[in-house]
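As structure tokens, the structure follows; a few thoughts come after it.
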Amino acid sequence: MSGSGTRTGLVITAHPGDFVWRAGGAIALHAKRGYRMKIVCLSYGERGESQFAWKKAGATLADVKAGRRDEAERAAAILGAEIEFFDCGDYPLKPNEEMLDRTIDIFRELNPAFVLTHALEDPYNFDHPTAAHFAQEARVIAQAMGHKPEKYTSYAAAPVFLFEPHQPEQCNFKPQVILNIDAVWETKYRAFQVLAAQKHLWEYYTRVALNRGIQGGRNTGKPMTYGEAYMRLFPEALETLG
Amino acid sequence: MSGSGTRTGLVITAHPGDFVWRAGGAIALHAKRGYRMKIVCLSYGERGESQFAWKKAGATLADVKAGRRDEAERAAAILGAEIEFFDCGDYPLKPNEEMLDRTIDIFRELNPAFVLTHALEDPYNFDHPTAAHFAQEARVIAQAMGHKPEKYTSYAAAPVFLFEPHQPEQCNFKPQVILNIDAVWETKYRAFQVLAAQKHLWEYYTRVALNRGIQGGRNTGKPMTYGEAYMRLFPEALETLG
Amino acid sequence: MSGSGTRTGLVITAHPGDFVWRAGGAIALHAKRGYRMKIVCLSYGERGESQFAWKKAGATLADVKAGRRDEAERAAAILGAEIEFFDCGDYPLKPNEEMLDRTIDIFRELNPAFVLTHALEDPYNFDHPTAAHFAQEARVIAQAMGHKPEKYTSYAAAPVFLFEPHQPEQCNFKPQVILNIDAVWETKYRAFQVLAAQKHLWEYYTRVALNRGIQGGRNTGKPMTYGEAYMRLFPEALETLG
Amino acid sequence: MSGSGTRTGLVITAHPGDFVWRAGGAIALHAKRGYRMKIVCLSYGERGESQFAWKKAGATLADVKAGRRDEAERAAAILGAEIEFFDCGDYPLKPNEEMLDRTIDIFRELNPAFVLTHALEDPYNFDHPTAAHFAQEARVIAQAMGHKPEKYTSYAAAPVFLFEPHQPEQCNFKPQVILNIDAVWETKYRAFQVLAAQKHLWEYYTRVALNRGIQGGRNTGKPMTYGEAYMRLFPEALETLG
Amino acid sequence: MSGSGTRTGLVITAHPGDFVWRAGGAIALHAKRGYRMKIVCLSYGERGESQFAWKKAGATLADVKAGRRDEAERAAAILGAEIEFFDCGDYPLKPNEEMLDRTIDIFRELNPAFVLTHALEDPYNFDHPTAAHFAQEARVIAQAMGHKPEKYTSYAAAPVFLFEPHQPEQCNFKPQVILNIDAVWETKYRAFQVLAAQKHLWEYYTRVALNRGIQGGRNTGKPMTYGEAYMRLFPEALETLG
Amino acid sequence: MSGSGTRTGLVITAHPGDFVWRAGGAIALHAKRGYRMKIVCLSYGERGESQFAWKKAGATLADVKAGRRDEAERAAAILGAEIEFFDCGDYPLKPNEEMLDRTIDIFRELNPAFVLTHALEDPYNFDHPTAAHFAQEARVIAQAMGHKPEKYTSYAAAPVFLFEPHQPEQCNFKPQVILNIDAVWETKYRAFQVLAAQKHLWEYYTRVALNRGIQGGRNTGKPMTYGEAYMRLFPEALETLG
């Protein structure tokens, strides 16, 4: 929870597309409910996730980065989130100590009610586990009173949810939570449309959402149409099971 | 939820002690909150879990069973639960089709908000996974409209929580939920005291509860003193992550 | 390979729908290529997989079974397969020794080039692992010269492919093979349409096929539109890796 | 330890060959050191493990069983062990309650210092996990004072070692113990030679022993030539780590 | 074994508290038996494990490090061990090449009979797996004749035991060894008392020791009161199973 | 496939011996069939894999490296492969960015039909997983159009096969493919003989090949004498199962 009493959520991603495809529903849902949602986007995905941009004749790295940044900003705005870019380079992702330090500050400033990041394994994309590890490490250090002790304020390490990778089984991803995103599906789909070059993924991730929705309903008896799947990194403490 | 609108919880255990040591907190907590809590106790643990009773000179099987039944009834009463015995024999546990049928009826009658049973593996005690499998199978069949179709009423398969075995790591038990049982710890401990012959376990399970409590606090920032650990068998569907 | 020199494939399923949703592409594809495809359907799914049939006023078990049998026969015909029913009962599935014996004979008669069956785990449906275990056991015994030695003929235990369950991650299902079923998709979809009562699954499994297709393409660089995912139960012996 | 103060070891196997290929070194080694070694051989492997015997013209089940029994007795004698046959049938193995009861008595009579049995999984041979589960169950029930209480005597559940299956990785077998069998290799190899029909396995299991021996040396710095690999089913309690 | 013929044990930890809570029993036990026990303590835990020290008004990094160093030296003295500090920084732990080189020298100098270090995973504390990996790497390189060949002497890679993390199941820690530490419990508890600021952990780890003790007894039949749990990283080579 | 239409295979290894023991059959087999086979050898194994060379009085690092390089070149020539050395240092292996960049270029130049590298885990040798990760990362980046976009040409990420480590079970290595190397066994064995100092491994790996051959035959019914085992890193896309 940030200073003002507003509840917050923090999303840490390797590349711009990730927060749209994988967590766009959670972002939009909590934004709609008044959460301050913040995305830390480690790279622009400029080398590895921009095949289409590079097909333009004469494309330069600066062009590609600017294009992806623009898309990411527009998608974040649609979802109702702030976004901060670290521009750490991709393929491979190279976050440095300064970026870790900045992320720790963000954790302390936001005191998020929950954190969203990548799955811990992905044999198709090593930037994803790198980003997840970076997020975990920042979260733990933010708790350490001895890190910048002069700035330390009471901070509770937030629950971490890992979002669904492109080929979940190959990443040993097993859904533990299916979030009902019916209320914001239209918003998520509008954010898809910003990613005009990846049109083939609009339908892929629509299908993922519909099938997760059916699974969500089957696991609870309460129907939902669109779902987003997450793993929990830590046990949850509950006051009731019913 | 049973007919009357009261919420319900169902506990399926192999032996009398199990529901006390492993789920006594959850039972007492929900009973206190007005849930109708029902325990299905498959055996009296008369052969395998009654070493002390057998040390009495001249002990007979009937004596031992009567003694364990009496204990189980008193413990259930303290926790605030109904108890139904199947007397299916233990070591090995031998539930039959009629018992499966009765359990399916119980599922439909109670329409429980949650189900508690044993972990799926236990190399020290094969009755435990047998009971867990029995519970799972009954729960699934209760959903099948073609089972006693004349009695079928809308029934939603409830979430299943697996309670903590005696040596959790050896059973591949990994806590996913830590339930705060501070509000009912005294009640749970009173139920321990009914199991007079297993006094050495009173302190063992008090230590388990205290250490799970500390872990529950560490995972959330909200301190608790006494905890009970559970695994979830299925993903949960959520409306919020925060 | 059966006596005539025709190559054969054997499918062993718990319920009628399974061979359509999960293996319809493989069946149709190999049938089209001249394989003799045979389905052993252990039950009619009459209790657990026929919710819609039971909603009809006055439905009896005999009606429901007849209806499911009719559907299964029509779907098998569309896919180009023979089908043999064991009527062993479902929820729970209860295959007996005589059925095991019959299945062993089928293995020996067909000497199949491959076997398709259920995944080894499924916490939502215990009939599925029961069917898979039954198939595995028959396959192994068919190899034993001491089983009906008078009828033993040279028989090589076939590779086994496990088809995709409804919620793959919850069943620890990890695709190892993605079969390109583009050539028979229309046929598979026509078989879906026989299962008129489960219309909601037509689109669910169309989405599964499309997303597996995209994954198949990503893993090989050779695009495919519709895929079916399988696990292998045994290592494959290869003459080349390239 | 049996009544006389002699230390004992108990081996529970599905078929005759198993105790020779997989545990022959451990049996001979402990026999040589004065242990009373006892083998419970659940079946003669007459259907599934006797391809060669069935190739003889006119072979009958009785012949095959007698042949395998003779071999097993000679091999056990070479290794220095007693052997008791249950003749429960193989492919599939069908141990019944009476056999379980007899095995429990054996556990109590021998009070073995260790138990050897099959690995818990084997997709090539379901008799193996059936035998392992049978052994585990008997071991646990033997501890229960309420099982034949009149015969109960103080009995400590022995450590269980699982011996190496034919294709260890496919059975999720991971060696935790490598037993140095140099002192009895010649004896083990002589027992191989009793199994004249499986000559191809003599060299297969010689190679296994040599490679496990090298691994044993590499893990400790103390060279050994021939090794036998085992998994432990339970943690060990130690008085020193050094 | 170091030059003098004394047997030795080596402990490699991330922070001062770890060797007390997790391995204090093993250290004291072997010290008592005449082993030279040496602790390599990679950091002072000054940032991440010193919340209490930072609560003192005006605390500086130097103060905190000095305080933790003093505690660690006193605790090591009570347990009977030497301690060497690397002061590599914590949260995150940053061991460098020079420290790796020094650790390799220590391995060669001590030629330890066993090595104790952290578990390989810990989602709550990344310093722990970093320390474990550092220990493993040094141990392997110490074996390489080509590393400082002029100083190479015959060195046998020692068995590695991983000590128990704070939340064992979350770290995929499964006890394989339970060490009986009854003989040194009082000493271990005195070392706890040096860590005055973490008084809440005195009782937490007393409970862990008591429950591991009961489990140790249950797995062997030989009662123990206090236990310490370990995983083995490698198979052990044995001369007997009994 | 390289520009000329020749099919290619790429092998990425940590040390010279690895490609001989673990992949020599696959290399020779595909070379024999006309594939251009290329080995990237990250280090000379000069520190960690050259115990024998260091035993020579006065051996220097330069001598040892030259000796291992000579052996590696001769072995590669026998197998029919090109070899490129990176000389990145071993124990630990230290590949740098320039080497990654060069490897990416090699991937693009060869466009290999398959890639062979180490298993993902090896607690005995950390250079092995480091090499595997390096290979995976290069393979993924080679696909990224934004990496050296001016040089990008259509490139399909090749299937990856992980070769068998020295102690496969300890590395969680589970064979998924057994390659029949009968046609080139003599060649592989001649390559063994180049590694004169590791004569004890000639027989070790001959035994591995013979036992994998028997397993290959058992899994398919088609006998083979010598096999090489591999894991697949990704699912395969198939056009047929039969």
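Note that the chains take the letters A, B, C, D, E and F in the order they are written out, and that residue 1 is the start of every chain.
In this section, a contact is a pair of C-beta atoms (placed from the backbone, for glycine too) under 8 Å apart; a residue touches a chain by one contact, two chains touch by 3 or more.
In this text the structure is predicted, and so the values were computed from the model without any measurement.
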item	value
Listed chain pair D-E, B-E or C-F that repeats interface D-F [over half of contact pairs the same by residue number]	B-E
For chain A paired with chain E, centre-to-centre distance based on mean C-alpha positions, whole Å	37
Whole-Å separation of chain centres (CA-atom averages), chain B against chain F	53
Chain B: positions in contact with at least two other chains	124, 170, 175, 215, 234-235
All pairs of touching chains, each written as two labels joined by a dash	A-B, A-C, A-E, A-F, B-C, B-D, B-E, C-D, C-F, D-E, D-F, E-F
Chain D-touching residues of chain E, taken from the complex the two chains share	7, 9, 26, 29-30, 33, 35, 113-114, 116, 156-157, 159, 161, 175-180, 215-217, 219-222, 224, 227, 229-230, 232, 234-242
Footprint of chain C on chain A - complex, ascending	124, 166-170, 172-175, 200, 203-204, 207-208, 210-211, 214-215, 218
Residue numbers on chain A that touch chain F, as the complex places them	46-48, 50-51, 53-55, 59, 61, 64, 91-92, 123-126, 170
In the complex with chain B, residue positions of chain D that touch it	133, 136-137, 140-141, 143-147, 149, 152, 233-235
